[in-house]
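Note that chain A is present in both complexes that follow, paired respectively with chain B and with chain C.
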Partner chain A sequence: MRISIERWKTWVWVAPAVALLVVFVYYPIVENIRLSFFSWSAFSASPAFVGFDNYVTAANDPVFWHSLWNNGLYAIISLIFQVGLALVLAALLEEVVHQRLRGLLRTIYFIPATISITVAGILFSFIYNPQIGLLNRALSAVGLGSFAQDWLGNPGTAIYGVIAMSQWQSIGYTAVLFVVAMQRIPRELYEAAKVDGAGHVRTFFSITVPLLREMTTLVVILTLSGAFLVFNEVMVMTAGGPSNSSQVLNTWLYHNAFLADDMGYAAAIGTVIFVITFSISAAQILITRRRRVQW
Partner chain B sequence: MVTTDSAAPVRNPRKHQGRAIAANRGPTVGQSIGKLLVWLALGALAVLVIYPLLWMIFSSFKDNSEVFAHPFGLPSELRWENFVEAGNAGVVRYLTNSVLVTAISILTTTLISAWAAYGLVRLKIPFGGPVVLLLLGGLMLAPTVALIPLFGLLQQLHIYNTLWALMVLYTAFRIPFTTFLIRAYMIDLPTEVDEAAVLDGASRGQIFWQIILPMCRPILVSAALLQALFAWNEFVFALVFLSDGELKTLPVGLMDMQSRLLTNWPVQFAGLTMAALPMLVLFLIGQRQFLRGLSDGMGK
Partner chain C sequence: MKRTTRKSALFTAAAAAVLLAACSTPGTSGSAQSAGSQDLASPTAKSGTLSVITKFADPKYAPFFVDMARAYESANPGVKVDLQQVGDQPYKDKIRVLSASKSLPDVYFSWAGDFANKFIRGGLATDLTSVVGPTTEWGKTFSPAALKAFEYKGKNYGVPIDLDAKYLVYNKAAFEKAGLSGPPTSLEALLADCGKLKAAGYTPIAFGNKFGWPAIHYLTQLNTFNVPAATLAQDYDPATGAFTDPGYVKALEQFQSIVKECSNPSANGLSHEAAQASFLNGQAAMHYLELLEFPAMTSEGGATKEVADNWDFFRLPAPTDAAGDKNALTGAPDGFMVNQGSENAALAVDFLKFMTKMENAQKMMGQIGYPSAVQGSATEENSVPQQRAALEDMATASAYAIWLDTVTNADVANAFLAGAEGIANGSQTPQQVMQAVQKAAEKVKKQS
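Take a look at the complex of A and B:
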């Protein structure tokens, strides 16, 4: 089949997008996978081929596994708050709260999402700060002063401090997404349920939850892939410390690439991140392509 | 599909008769307590969410001793000089850089994406299928994975450590998402309009600029807004590809400033407040548009 020159000219429309994508997105990612089989640093003359050595290093690196564990922790806690609790919060806003107050509460809950992660991260590092921080003082004020500590300076609590900030920032955001989806559910369903004597809890599980399945799936996927892309908040609040206790995959990649100057190992970590996030997104496409909820 | 089986038991009125009668008589004690608990929980959450931000704003007007002595309350006076000092310490420079990068990348991303979306929706492009796949794949790639090779690539192109690097990357990495967003909207536009324009002798370019773009305005606004949120907050690329302090954008610049100012708390808080304000104001003004943009972005 010959394609006429006239038809090739239509490539004018997609050429800019395709060129930018190929050069700045696809080439670097393919190159990253290639580089993960080499040993090199920013100053070495030429990379040396080492096969799977960098992946063996990862498998034997306790910090790598701890980072992966922290990403998993991030995912689980985020699912509980940003999917479970946000869904309940959205339902309470829609079902229990009167119209006027509903708008105000929704606005308040959403506000943290408009603030950049860096601002929120620095703000929370001040809140956790043992000298000026609100948290320790608030604990003392209610008689729990014995719990007061250097939250981000303690290896046992640092990652939880970061995760908690993230929940503060995002729960209102996902709750509002659920609210928007709930408003598309026909009111008649709720009225019929009310006539039949169903209470709020019953309505929530029999109508709201099943009819929000599509949005819920989407939020679950976004939360999951977000948990493996975490970087900004950890860099700002703890930079992975103290003693690597709050490292996540992305910060460990950054550390090895730009601080430890072990580019090959960093590229291998990058490939692991690629495989994880690509699988999650592929799952999203497979799931959302299936039949959508009809009513 | 869901309602028929799962909601069926509710349809049995006898089972719930007692409760329905109680509801008609007004709320029972149990229901009132339940409602009160819900209100308490919602109120407590609102305080928990908003108080850290109020603390940030209050503290930005205090002086250092007041931050320590009276952490919870209002400032004793409005010390605007904290904001001036924070501005001079770099915040104004970071804000300027952020605005510049955000504005340019909004323009390039939405235009290139709308341009590509039009081609994919209305023209029979050779190998159009693979192009869509390429875009779809682009949605699924994590930016940090490209970090190390990009470091070398940007140096070869001589745009490492310039704002151009950020503009190019913010455009390239957001083209897939933005193109799909606009494409989904364009598919629903009636084809009669551009067919009529073709008969009138208009070129494809004219149709795009004069007919299609104006018709796509709502989705272009959503796309611009989502791009603004992305570019304003982007951190990884800004951290790695800018080494010059003068060029830093807000997310990285603030982190820089934090390590420079150390325990000059009120100025730190003033800097954070200045950085948080633009998006907050934008949100409060255009709330409706904001929420629509977000749900547009989810529905892709």
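Take a look at the complex of A and C:
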């Protein structure tokens, strides 16, 4: 009996948070899955049940697959830069850089992350401008004028232009996260390694990387789900164009919901995004659950 | 917490979510009010809150509508006008969100064409024929073509607020330098002139196609030139669209030539405004823009003195062997519609009458440079000579070719838009584009 009362007390404290989660997170997810089985738009009198039609449409839609491909590209490139390179950058900041410069450099690298994504997107649109943009001008100045092109207007390079902007903005953020985690590593380990004759690189791979496992897991989850949830950057810089070459799942969803008046199809795309991001997070947590770092 | 408690918590939350979802109705059906006639006669006692939404958030244009709201409120003390202004691009999704959640304001902005027809078919627009039809006193103040643009199946649903058309503006000094005596009268002549302008050191036509709609405006005109009017009307109707006429491919080929011969490179990466800047500073000889943008051609608008004093306009010329209507002009009025579910329909109509009476129509032209749909509202005080000349020219057009991205179903429009971008950067052929358009039209036919 007493245990039951204790349980009820716990529930009372947790109930408000659970209620908020149910109303603002779980309910919309379930409702979205339900709506993806209907065909409807902002103007239709009543939704029509169509079963899996929207999913079949998605499977046959080349733009859907191209968006998925773009999201995948985003994920891979983000992992390389925002995890790999950021890790190296953090190690450099902590190990190699002089104490005085450390704070200043950390701030400089972190500043892009504080700029609003929309502002950064517009900024880079100017940099990529084919006539007066900095990038083409800089390339011509160093004699690489043949590489100058219409970065955002060319279907082959548009998505890469957007991805590049995203890396610029987020590398500093993840590097600082790694720096914070690195500062927890006991100095004795490094000193012991030095005594054993290990160089910087060996120390990095044998001590730093393994002990940063938890933070790496977190950053990988953030980066991967961020890559599949990206919207602002693409919308501001290219709106998914030209010719749908830089569409990502979220912008294609937006396009179908609000410009093509096909909300059912958009809901189906939303469900796909949910399944992908949920699987990534679940897999990550399951894999790393047993590998907690103990000091 | 123990495992079992965690599991039961998860289960409870999931169950609650599913229950909530099951209880909700699948998107409540159309307007609560019956489609029967509403009393639209001017109310004697004016009171209440009127909600209005426009797409004129741009600080260049917003002040006029704010002024209208305040003026109406001070003229009618019992009334409050709740004015919401959204930007041009975000308006397209904002209005759909409002429609889907059945919270459409009393008065809302609409482009002409299928964009407006969607609201009409969805039962979201009030039938205004009794107050603004062509035989009514109010209706007669508008240009007949403007009224017709908002007609659907013989009934009038929208009140036109401004007139717009697409013209090529040109730098007279540049034309002189290149040895051209005047604007070209055929498409072939235009392409030849572009070569001469290039030789004289100018960019023939400044073209920025970011977001894709500037190319769509070219296609609107070229489609109208190359496809017979009856076929065009049938194809633009979502229920009967086929797009198999060879004129469409010809139109795309002509657009391809314009891009190749006349336009600056990398058009897809440049915004329309950035391209306009190169015309305003004299680098480009021509620019394809809307009548609403004519105020930019002044020193206050950003033009250099040489350009501001020395420019004129002409219509995009037709090819000599055009199969369609050579005298149709790309353009359309913008307008406002009244929500059918609105309890303030009569008040909404009264507000729209207020906004379109002659002194306010003239004020609009003078304050923000928008030509009003009210006939005779452009005077010497509130407009530059080119604007008045353009309005006269518009009156001689045989028909308005409404913008391709609003005249037809969104899927077809998007296929054209993506295709035009592909033509602009050379990654697609006209045949490929038409195949995509035909596929989209098939899908739309099946759905309607």
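The rule is simple: the second predicted complex is superposed on the first by the 267 of 295 C-alpha atoms of A that agree within 3 Å, B and C clash if a C-alpha of one lies under 4 Å from a C-alpha of the other, contacts with A are read in each partner's own complex, and residues count from 1 in each chain.
Just so it is clear, contacts are C-beta pairs under 8 Å (C-beta built on N, C-alpha and C of every residue); 3 or more make two chains touch, one makes a residue touch a chain.
Please read these numbers as outputs of a predicted model, since none were measured by experiment.
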Partner chain(s) touched by A:241 [first = chain B, second = chain C, both, neither]: second
Contact breadth on chain A, by residue count: chain C or chain B: B
Partner chain(s) touched by A:89 [first = chain B, second = chain C, both, neither]: first
Partner chain(s) touched by A:69 [first = chain B, second = chain C, both, neither]: neither
Partner chain(s) touched by A:147 [first = chain B, second = chain C, both, neither]: neither
First, second, both or neither for A:52, with chain B first and chain C second: neither
First, second, both or neither for A:18, with chain B first and chain C second: both
Contact residues common to both interfaces of chain A (with chain B and with chain C): 7, 10, 14, 18, 21-23, 26-27, 29, 31, 35, 131, 254, 257-258, 263
Residue ranges of chain C in contact with chain A within the complex: 1, 5, 9, 12-14, 16-18, 20-21, 24, 26-27, 29-30, 92-93, 96-97, 99-100, 118-119, 121-124, 209-212, 264-270, 274, 278, 410-411, 414, 418-419, 421-422, 424-425, 427-428, 447
Interface residues, chain A side, partner chain C - complex: 7, 10, 14, 18, 21-23, 26-27, 29-31, 34-35, 38-47, 128-131, 149-155, 239, 241-244, 254-255, 257-263
Chain A residues within the chain B interface of the complex: 3, 7-8, 10-14, 16-18, 20-29, 31-32, 35, 89, 92-93, 96-97, 105, 107-112, 114-119, 122-124, 126-127, 131-132, 134, 137, 168, 172-173, 176-177, 180-181, 189, 193, 196-199, 202, 206-207, 210-211, 213, 215, 218, 228-229, 231-232, 235-236, 250, 253-254, 257-258, 263, 266-267, 270-271, 273-274, 277-278, 281-282, 285, 293-295
Chain B residues within the chain A interface of the complex: 1-3, 6-7, 10-13, 15-17, 19-20, 23, 35, 38, 41-42, 45-46, 48-50, 52-53, 55-56, 67-68, 71-72, 112-113, 115-116, 118-120, 123-126, 128, 131, 134-142, 144-151, 153, 168-169, 171-173, 175-176, 179, 232-233, 235-236, 239-240, 250-252, 254-255, 258, 263, 265, 268-269, 272, 275-276, 279-280, 282-284, 287, 291, 294-295, 298
